[in-house]
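This is the structure I want to talk about, given as structure tokens.
A, B, C, D and E label the chains in the order they appear, each numbered from 1.
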Amino acid sequence: GSSPSGDAAASSAPSQAPIASASPAEPAHKLTLMLDWYPNAVHSFLYAAQEQGYFAKQGLDVEIQMPADTNDALKLVAAGKVDLALSYQPQVLMARGEKIPVKALAAIVRHPLTHLMVPADSSIHSPKDLAGKNIGYSSIPLYEAMVKTMVKADGGDPDKVNFVDVGYDLIPAISTGQTDAIMGAFINHEQLILQKEGHPVNSIDPAKYGVPDYSELVLVASDEGIGTRKDDFGKFLAAMQEGQAYVQEHPDDALAILLKHEDATAPLDKDIEAQSLKVLLPLMDAGDKPFGYQDPASWDKVQQWLSDNGLLPAGIEAGDAFVNL
Amino acid sequence: MTVRKGEFVSIVGASGCGKSTLLKVIAGLLEQSAGDIRLRGTDSGSGANRLGHIAYMPQQDLLLPWRTVLDNCVLPLEIKGRASSGTKAEARDMLKRVGLAGYELAYPHELSGGMRQRAAFVRTLMNGGELMLLDEPFGALDAMTKRDMHRWLLELWGNLKRTVMFITHDLEEAVLLSDRIFLMPAGSGGALQEMNVGLPRPRSMQMNFEPGFVSLRAELERRLYETRAV
Amino acid sequence: MKRAPFNELIHRSGAFLLLLLPVLAIWEAAVRLELVPSFILPAPSSIWTALVRNAGLLLGTHLPATLEEVAIGCMMSVAGGILLGIGMHLSRTLEKALYPLIIISQTIPLIALSPIFIMWFGYSLWSKVAVVFLTAFFPVVVGVYDGLGKSRGAYQELLLTMGASRRQLLLKIGVPLALPSFFSGLKLTVVYCVIGATIGEWLGGTRGLGYYSRRMAGSLHSAEMFAAIALLSALGIALFLTVRLLEHQILKKRGTY
Amino acid sequence: MKRAPFNELIHRSGAFLLLLLPVLAIWEAAVRLELVPSFILPAPSSIWTALVRNAGLLLGTHLPATLEEVAIGCMMSVAGGILLGIGMHLSRTLEKALYPLIIISQTIPLIALSPIFIMWFGYSLWSKVAVVFLTAFFPVVVGVYDGLGKSRGAYQELLLTMGASRRQLLLKIGVPLALPSFFSGLKLTVVYCVIGATIGEWLGGTRGLGYYSRRMAGSLHSAEMFAAIALLSALGIALFLTVRLLEHQILKKRGTY
Amino acid sequence: MTVRKGEFVSIVGASGCGKSTLLKVIAGLLEQSAGDIRLRGTDSGSGANRLGHIAYMPQQDLLLPWRTVLDNCVLPLEIKGRASSGTKAEARDMLKRVGLAGYELAYPHELSGGMRQRAAFVRTLMNGGELMLLDEPFGALDAMTKRDMHRWLLELWGNLKRTVMFITHDLEEAVLLSDRIFLMPAGSGGALQEMNVGLPRPRSMQMNFEPGFVSLRAELERRLYETRAV
């Protein structure tokens, strides 16, 4: 499923400006989407939309790609090499802080998946217990700020927390007892795997301890892309919503589509993904709003919190970082 | 020191007196610090101009160890871009003449010292060129083999009218082969001495014991001894 | 002393396998006795099981993809390395300009460049080939450059008297003398090609043993991950032995010095 | 012909810097003209600015940490590589047993082994040193092994008639003949030490240029990331030039062949 | 072929007939295919047993190119672990004797062919050992230098009562130096011939022209010629 970069570049070029109404006879409009990570349950709606023909119905030909590094998706969408990308809400704001012209189009997972995790038999029950303990995290300053906020909100002393950068290896860090807690693992992935491997962990939701209830996963496009391909993106959102509706109604079928797709190259663990989807579906639900809807208040809160923690330069407007098409 | 076309001159002198160095200068490998070198009467300028025009056989055989004897012998023609289908046959023929028939495909390390020397000699002959510089070409050969080489060299030289400059420590050899012999002084002080060999040609091995020959040889030895005592 | 190349191979690998057994036994025991958690280092037996279970996918889909990248990347590394080595040997200016750039290319973590590769090459084969090249070309450069820089001693003088040009000196003495050094570099390069392909597949794409191993690592399927790595290692050893055999064949034919 | 080592260095790097200028100019222009987005490849000027702005942190905190890892890891790679090379040269059995294992170690992506390192060494200096070692020791092994394996020709026979032992043959002929090949390997090894330290720091830790670069990448600070990489490259070049100088000094003193 | 203790024997024969090979076998570098080799009357067994006990000077000088002349000369004692503070002084002294004073710190490639040969000769002498095998040790020397070497060698040999086996193509040299001369046949068919040199010792260069000497030399030449014709 790889395509020469030329295709991606051409599809976002101005010459391919949106055509008012795409009749089925017209050739499908090509869109490339870069995931945040490799395909898993959270992406079921995309594969469902693909498989069920929702994209095709909208006259879209969507190609899904994977990044080398989570930040690559943001950079490449900003550079016009892909049209859409999945990223994290705080990351979008921080990207704007670095003059990377991207905007969120939709909130996919509306709540944090990154929880603080401690071994099930640990003496740590709430963030304030972390004083004097080692916390493993994956060299992302954002996670430092989250833990400090949590400890402070819980009445502890954030300066007494001992941070250990554990690079890529969150699971070994906690399962071999190198650290007392980890920050950066997902409740729908690492937690389930640790459980399965016999190292059950408890998770502590940062949103409950002073961290804004941010969206873990958002759909992102570049400012320029939104200018030139607004219509295609609108269609994409429509197909995406249809896909998510399908996942909600037929979670087992949707999962089967994902698993079948992945079997061709790298089979997924069926049990883990099924549990993962169960965890995810409520967190993706936008209630009475359509799937993907973004709440300006959430963006303001995240922007404020990032600024307070020195992760965002002044002058970054929350309103510039997202758009509800 | 002038060497006439078609002449055969020898250079003798104490070990380390600079004979090999002289040949290298003539071949164009080193630049002389004083004097100039004329080819056919015109100043040849820097040594680089002479490279490629003079056949040179170094004191060490310098056969390329990764090439067979035959491939070593055709190397000069390969370099000059004159290798043809007949080249190998010619080299084989010459190797046979020096008693190396059957060793064409051997590698140099499989040969005895004298055999390597003969192979290097063949390589030099293949070089062509009017002037041939030979640095102790037969030093590692026994008297018999050496005699065969002498005979062949004289024959070649007689036919082709090539000019030969020849370094040797074997005074008999020098007297037998040369028109003239140059004596190189050991120190930097002495001057080059010249000795004319007035013996008639064609010469043969039997001359070794003739009085003229013996006296020439003794004279040469005496003079050498003198240059050294200076 | 004389053995056919194939027998030679059997003979060598046979001895290795014999010596591998105790290593595998200790490893297996360590995992079974839970001295090492199996999700960190799976037992050889479970790696083998994973290999057999996924044989179709591994050998049918991923191995060919990786082989293609390795083959093309390797040829480019060798060709590029030789050209760079010769170029730097021939021109001091080129050498001064290029050597630092080459060293810079070896000290930049490739992951930092991943967006650049994707920008330039997209998700095509060529982004992976580029990574293989960057990972693997350096030893050939050093091998060729150092090999050609060896003193050619008196042979050079001899060839000069025959009127040899610089090109001929290079071909007739430089290259034969440089061969051993070149082969040392080549052996390193072919091994690095394998890890280069692995890293290249991490940058994106949907096939290849490196891609597979990364995916499996992400879901903590350690046995599957190590099964892919075992295949990669086997590929590396095969390439190394091939070059070594070639080296023996070529250098053995020549006379010793 | 004769120049003091220090002048030589200035002379060389001067020429390089002169040649680097057009490259930097084109790069700067490409970024300014927005042919390349600055967040993917920042302009040299902004890398320089980032370097100067963070000079205290980079040079005071992170460079020393990386230098320590590189120094220890490099010494271990060289020492270990020499020992392995000599050992494999002396014993065919050892060679057959170890060579495949060494190649396997070079084809396993380090990321796959990182949990094992962490398990064994924790987040100490030693996990980084282990990564440096694994990344860098291979070229010295090949250099030493191939160098010692060179035909010693007739010299060996001569020394045998003097009653030389195997050890003496190795020391008096083997080692002098192996030196050029060893230095070729060493040049590769010191360069790979730098990237090894970078990767090692990615596996966890709190200091070092690799750590810093990854952290900056995580918060999308490309200029800072490349500033750290620039320092790493400079370190690599410095190590390379040092070895090269050493090589020239040692090999130059000897007669040519 | 028996060589008595303290005897000086020469071996002559056509190029490539196997003289160097014979010396290598005696030195212990090669195993003989037939016959056995006795040292002091007892079978020495395999070649490896003889290694280290016999001083051997190879036909190629084989000076280690990365060592200075002096370091090359002390190598044998270094190998035998007998290098002492006096070793270098001794080597310097010997180098002076062969006319290489001032070249102690030169590298081999800076020497002329004959100088390298003399350096290799000094190295062989430094070796010690009762039996010395010399493979064309003076082949690249001029008559004068050779004569000096002869004088010195005879003197050493006379004082130390070492046994010497000597390969040469110079028949005068063979006659002058040896107690006995062995003629090696060129083909594999012929048998080794032996010739006793009955000249009185001490010998001097002047003998060259005495009738006894000349006739011995002529006889040797004739015999060599015959072995070849076989």
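The definition used in the following text is that a residue touches a chain if its C-beta (ideal position, glycine included) is under 8 Å from a C-beta of that chain, and two chains touch if they have at least 3 such contacts.
The shown structure was predicted, so the numbers you read here are calculated from the model rather than taken from an experiment.
J.: Hey, what chains does chain A share as contacts with chain D?
T.: Correct list: C.
J.: Under the document's definition of touching, what chains do chain A and chain C have as common neighbours?
T.: Correct list: D.
J.: Most C-beta contact pairs, which chains?
T.: C-D
J.: If you average the CA coordinates per chain, which chain's centre is most distant from that of chain E?
T.: A
J.: How big is the gap, in whole Å, between where the Cα atoms of chain A centre and where those of chain E centre?
T.: 87
J.: Using the average of all C-alpha atoms in each chain as its centre, how far is it in Å between chain C and chain E?
T.: Result: the chain centres lie 52 Å from each other.
J.: Residues touching two or more other chains, restricted to chain C: which are they?
T.: 40, 115, 119, 153-154, 256-257
J.: Two or more other chains in contact with one residue: find those residues in chain B.
T.: Within chain B, residues 60, 109 contact more than one other chain.
J.: Which chain A residues reach two or more other chains?
T.: Expected reply: 69, 75, 79, 171-172, 176.
J.: Can you work out from the touch definition every pair of chains that touches here?
T.: Listed by label, chains in contact pair as A-C, A-D, B-C, B-E, C-D, D-E.
J.: Provide the residue numbers of chain C that touch chain A in the complex, in ascending order.
T.: 37, 39-40, 54, 57, 61-62, 111, 114-115, 118-125, 202-207, 211-212, 214-216, 218-221
J.: Given the complex with chain E, which residues does chain D contribute to the contact?
T.: My answer: residues 154-155, 157-164, 168, 172-173, 176, 254-257.
J.: Spell out the residues on chain E that touch chain D in their complex, using ranges where they run on.
T.: 24, 27-29, 51-56, 58, 60, 62, 64-68, 75-76, 78-80, 107-110, 127
J.: Hey, which residues of chain B end up touching chain E in the complex?
T.: Per the touch definition, chain B meets chain E at residues 12-16, 19-21, 59-60, 99, 111-115, 118, 136, 139-146, 169, 171, 221, 224-225, 228.
J.: Inside the complex, what are the residues of chain A that reach chain D?
T.: 69, 71, 74-75, 78-79, 91, 94-95, 97-100, 136, 138-142, 163-169, 171-173, 176, 178, 311
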